[in-house]
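Shared between the two complexes below is chain A, which has chain B as its partner in the first and chain C in the second.
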Partner chain A sequence: MEESGEFVIPASPQEVWDALQKPDILKECIDGCEEMTITDDGVFACVVAIKVGPVKARFTGTVSIVEPNPPHSYFLDVSARGGGAGFGSGRAEVKLQEVAEGTCLTYHVKGTIGGKLAQIGTRLFQSFSRKMTRTFFDRFSHRWMG
Partner chain B sequence: MYTFNFRRASSLEDAQQIHQSSSDAVYVAGGMTLIPSLKLRLANPDDVVDLSQIDGLGAISSADGAVSVGAMARHCEVAATTDIPALAALANRIGDGQVRNRGTIGGSLANNDPAADYPAAVLGLGATIHTNSRTIAGDDFFVDLFETALGDGEIITRVDFPIPKRAAYAKFANQASKYAVVGVMVAETDSGVRVGVTGAGACAFRLTSFEDALSANMSASALDGIDVDSSDFNSDLHASAAYRGSLVTVMAKQAVEQLTA
Partner chain C sequence: MNAETGIGASVLRKEDARFITGKGQYTDDISVFGQTHCVFVRSPHARAKINSINTDAAMAVDGVIRVFTGSELVEDGIGDLPCGWVVTSKDGSPMIAPPHPPIATAVVNYVGEPYAFVVAETLQAARDGAEAVEADFEILEAVVETATASSSAQIHENAPNNQAYDWELGDKEATDAAFANADHVTTLDITNNRLIPNAIEPRAALGSFDAASSTYTLYTTSQNPHVERVVLALFVNVAPEANLRVISPDVGGGFGSKIFVYAEETAVIWASAKVGRPIKWRADRTESFLADAHGRDHVTKAELALSSDGEMLGLRVKTIANMGAYLSTFSSSVPTYLYGTLMAGQYKTPAIYVETQAVFTNTAPVDAYRGAGRPEATYVVERVVETAARELNMDPVELRRKNFIPPDAFPYQTPVALEYDTGNYGASMSMALDLADSDGYAARKATSEANGKLRGRGYSCYIEACGIAPSQLVISLGAGVGLFESAEVRVDVSGSVTVMTGSHSHGQGHETTFAQLVSDRLGIPFESVNVIHGDTGRSDYGLGTYGSRSIAVGGSAIDRALDKIIAKGKKIAAHMFETTDDQVEFAEGQFSYAGSNEPKPFAEIAGAAYIPAVYPLDELEPGLSEKAFYDPQNFTYPAGSYVCEVEIDPSTGVTEIQKFVAVDDFGNVINPMIVEGQVHGGLAQGIGQALLEHGIYDADGNLSTGSYMDYAMPRAADLPDFEVDMTSTPCTHNPLGVKGCGEAGAIGSPAAVMNAITDALGVKDVPMPATPHTVWETIQQGA
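This part shows the complex of A and B:
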């Protein structure tokens, strides 16, 4: 599946870039994120508890930054496992562009999910991933607002 | 299924108290979504709190121009009511016979599945949702995907539907599950024309552009040429967002035709 979108953040590309590298900021912005650490150079390890309606699952995942071009663009390679619930992996391309209001961040994600969640959850996956993304950028943008 | 404690609540206070004292509890009403999730091990609560033995929670009554439906009323019981034929017809098309015999209105609304039928009725008919602690306007109840205005541990007790002058519900159902790919409730109420849409977006919503057009002219042709913004609509293997956008108009027209027939 594929998904893209854009958000405008009221901060400079350099500020956005720096904040996106900080585990504690990422943890704060990802809904349900319980742990976020850097294990290696540019590799994040995280634990995220996901709740969608009746479904509750805890995912452990790694996120690696690939081809960083600060403060303009990078790729994120994501892989996650949720025990019996399923697994997912994907690559996101993230671009930062300076605009009058701050920074316009555009993303394009290509990914797959498998396991039980994929069998029963495909009708919900897109709405759910949009909701997670929206929450992330709402919280992230909020850092620079009153 | 993982092991859990099955706790049967004897009253609303009892249910809430069990919920509060547990580190991870869920309420079960009809269990039409929760039980399959437990069986698939997609949920793993410590305590399952059964609401089925609480007195009076399933009563249905009519008074003062409204139908009051208890939260534990099953779909088949709502389908057998006569005061709001559109509501009864909607309930009669939820899932299959087994689901209608077990599933409840309160469970469906608290779960807020984006493809559930009842949310279209709550918005389209301008219902009011009562809980064990307060009253919530239907328009404020549905927040986002599986997200409602209910607080942690809050329990829906009943739903009051004002009896409309006329109303109709049309849905394009998934052939296997009978979930609404798109469902539209159109109603002419004392407070004007209301249009509630389910299945299309992350949760049910009102379509004010249709309401305005139908207020001026209650006919299917009044909806011609009104653009439905489908950019945020659901897209899955059953239907693309654009197809759902098109279905919103088609279902609304069918509802209007039923209502004016």
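This part shows the complex of A and C:
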């Protein structure tokens, strides 16, 4: 499963970079996020409740930042388990570029899903993940808007 | 005979009163005192090593009684699930059957394979417990594609190239010679899409152990409870056979998927003794998709050699058959002895050579599904014959007629092992063309064209081998069981009759058909016959119901037992008439003697048998109850001609079946209404395969079609009004002259539909299922 996109955020790359490292901001912006903490070695641990079609579950996940190049780019390694509902894992490449309106963030995700999510949710998963991403950046951008 | 209830009468089905009023008793309807519930923990990965399983959290869930893993079964001596038919490869080596523990221990090989199970006070607690089982997997590369499996990562240590066997049938040299002399060779590369059986009732099991008598009772959704019992006793080592009773109560459809011995009932019956309480399991629908044996999944190259005037000279077929992750109970026989042997079809093709390579993949096991090998064979033969006709610019009907085995050539020995006993293929074809209004086709096609639609017509002349089969023949070919059938006819004191049959009814209507047979032969009321099946505690033995064998083998066994009943009745009557039994006639329910004008009704003789006042008991035992075991001399060979007309909307790719004619030769027919219903059901499944159904795994081995959102079953609106009729050449070797009708529709119809679609589109092949998307894409490619 692969997915790419870009969003323009009305803030400087450094501001965006800093905000993306803050667990409380991430928690606020991720739809359904119930917990978000950061461990000493810089790994985010989170609990997110999601609903994809008939699959509704609480996913426990970790997100590690790999090859950080502040405030330009990093990779995120994501791994999540939702008990009987399934699991997912993947890597996202995130790039920040200064543009006239602020920062253009581009991302490219490659991942796999398995378990019940893959059996009865595949068809719905892509639209679900697009919506979840859009919600995230809407909320994230909103921090710098009126 | 009674014209309303005897042989040949369309009697309404006895069993339907309980089914349509919700009074059927299915496995899940049965509950016993102290019953617990069970949920299986299934692999989310297509292929992985199990590093560890932690059941602590599951055990801590409120209501959970026990959590079992596969190693506990192994330690207790529970064996692997066996494959009961050893196929031999070309090189003389036996097939490779990888270890198949009921509950995975070290590795998992398909999504849905169970690796633990939870027994709890309630279903909800068992579900919560199953979610709390934690396993550490090391994920390995999954093998999914049939065509490339043999060059992919090796799944089983003992199976290089992921090959179970590489089998052949026929004369290779003679076939090569036929091709060398041919004017024309038609080549076709086709796939037979993977299907997922969808019985209305999911599989279920209720196992209990009675410590007082050391006996086990297993209620389960089996098409062959005696086979289930013998496999669980002899191969899986659950219990001594005598201490194990298997009951298949009402079963809501099987289509083959309930023939096999699965992990779940094995686990449930074994664990019932460990827990000391009965355990119930019932699959939910997604579990059925994941863990029922699937069907079909072949990739085939077929070549047909012909003379310039359309004489079929030779057929060469090379197939790769996907067996899934393990060899299921009868899986090995499906793409071999139930497939390669049918390649002659209805034709006198003199030279045939078939090769089948069976491969393992990380998908659910594949085994028999309605038709089992014969739909795949018919699809190959009838698609390549139709294609050849188009390439030679011949009418496909004429090409077929030219090559049909003529009616006077029977018995006919094919070049692929089978000897057909009887048939008249041209007669079925003529009737089908009449019913299809063949003469009006050109006008219908013109009307379609005027409406901007594409119209096409396709034929399929199938043959099948059913009534499986002579025991000594199948045992010599590797089968681990005989394929006879048993029957017991118990005449009651009052003259009513109880029949115990080894056949099992899971929708076929045996309670009615067999009662018609008995009432007709004994001349007693239809209502006086009670047919009992599906309980190893009540009938001696049975090989069960599959391969359209119930009437041909099970019915013939009943007929043989009735012969014995009548023979003994004559002896009793002879004493009453004061004559000898060879002087006694039995007809229309009356024993008569030329020297007496007072015939004895059957019920009077029954009474005399049990109140033995009139005959010497040192010469003749009291009572009237007889058994028979019937072993057929040959398969039966139902055959038919199907015609399908489709209209395709090129702007949407939607295919509408506008006409479907099925003319079948089932030999003698006991209940035409039931037979017609069987044909309708088979056609629906065959058309489902052609247009809608497809079991798809993604590249990682996830089943993408794990629910009705993604797996399309045929609905009434997808199907036309079928036009069904019959011809008859009675079977020559069984006492009833019957052939069997359960699978014909599913065997014959996919080729007819796809021949019609390819005719409409003017293309050589469209892969099944011909969904609107696939058809539309095909049109775009041609445009």
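As a working rule, the second predicted complex is superposed on the first by the 142 of 146 C-alpha atoms of A that agree within 3 Å, B and C clash if a C-alpha of one lies under 4 Å from a C-alpha of the other, contacts with A are read in each partner's own complex, and residues count from 1 in each chain.
By our rule, a residue touches a chain if its C-beta (ideal position, glycine included) is under 8 Å from a C-beta of that chain, and two chains touch if they have at least 3 such contacts.
Because the structure is a prediction, the values reported are computed rather than measured.
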### Message
A:G84 in the overlay: touching chain B, chain C, both, or neither? Say first, second, both or neither.
### Response
both
### Query
Between chain B and chain C, which makes contact with more of the residues in chain A?
B
### Query
Between chain B (first) and chain C (second), which does A:R130 come into contact with in this model arrangement: first, second, both, or neither?
first
### Query
Of the two partner chains, chain B (first) and chain C (second), which one does A:T112 touch, if any: first, second, both, or neither?
second
### Message
On the A-aligned overlay, A:V52 touches which partner chain: chain B = first, chain C = second, or both, or neither?
### Response
first
### Message
Between chain B and chain C, whom does A:I120 touch in the aligned arrangement: first, second, both, or neither?
### Response
both
### Task
Could you tell me if A:P70 is touching chain B, chain C, both of them or neither one (first, second, both, neither)?
neither
### Query
What is the shared patch of chain A, the residues that chain B and chain C both contact?
53-54, 84, 116, 120, 122-123
### Task
Please give the residue numbers of chain B that touch chain A in the complex, ascending.
26, 33-34, 37, 40-45, 111-115, 144-146, 201-202, 232, 234-238
### Query
Mind pulling up the chain A residues that touch chain C in the complex?
53-54, 83-84, 86-87, 112-116, 118-120, 122-123
### Query
Of all residues in chain A, which touch chain B in the complex?
52-57, 84-85, 116-117, 120, 122-128, 130-131
### Query
In their complex, what parts of chain C are in touch with chain A?
44-45, 111, 127, 130-132, 286, 289-290, 698, 700, 702-704, 706-707, 709-710
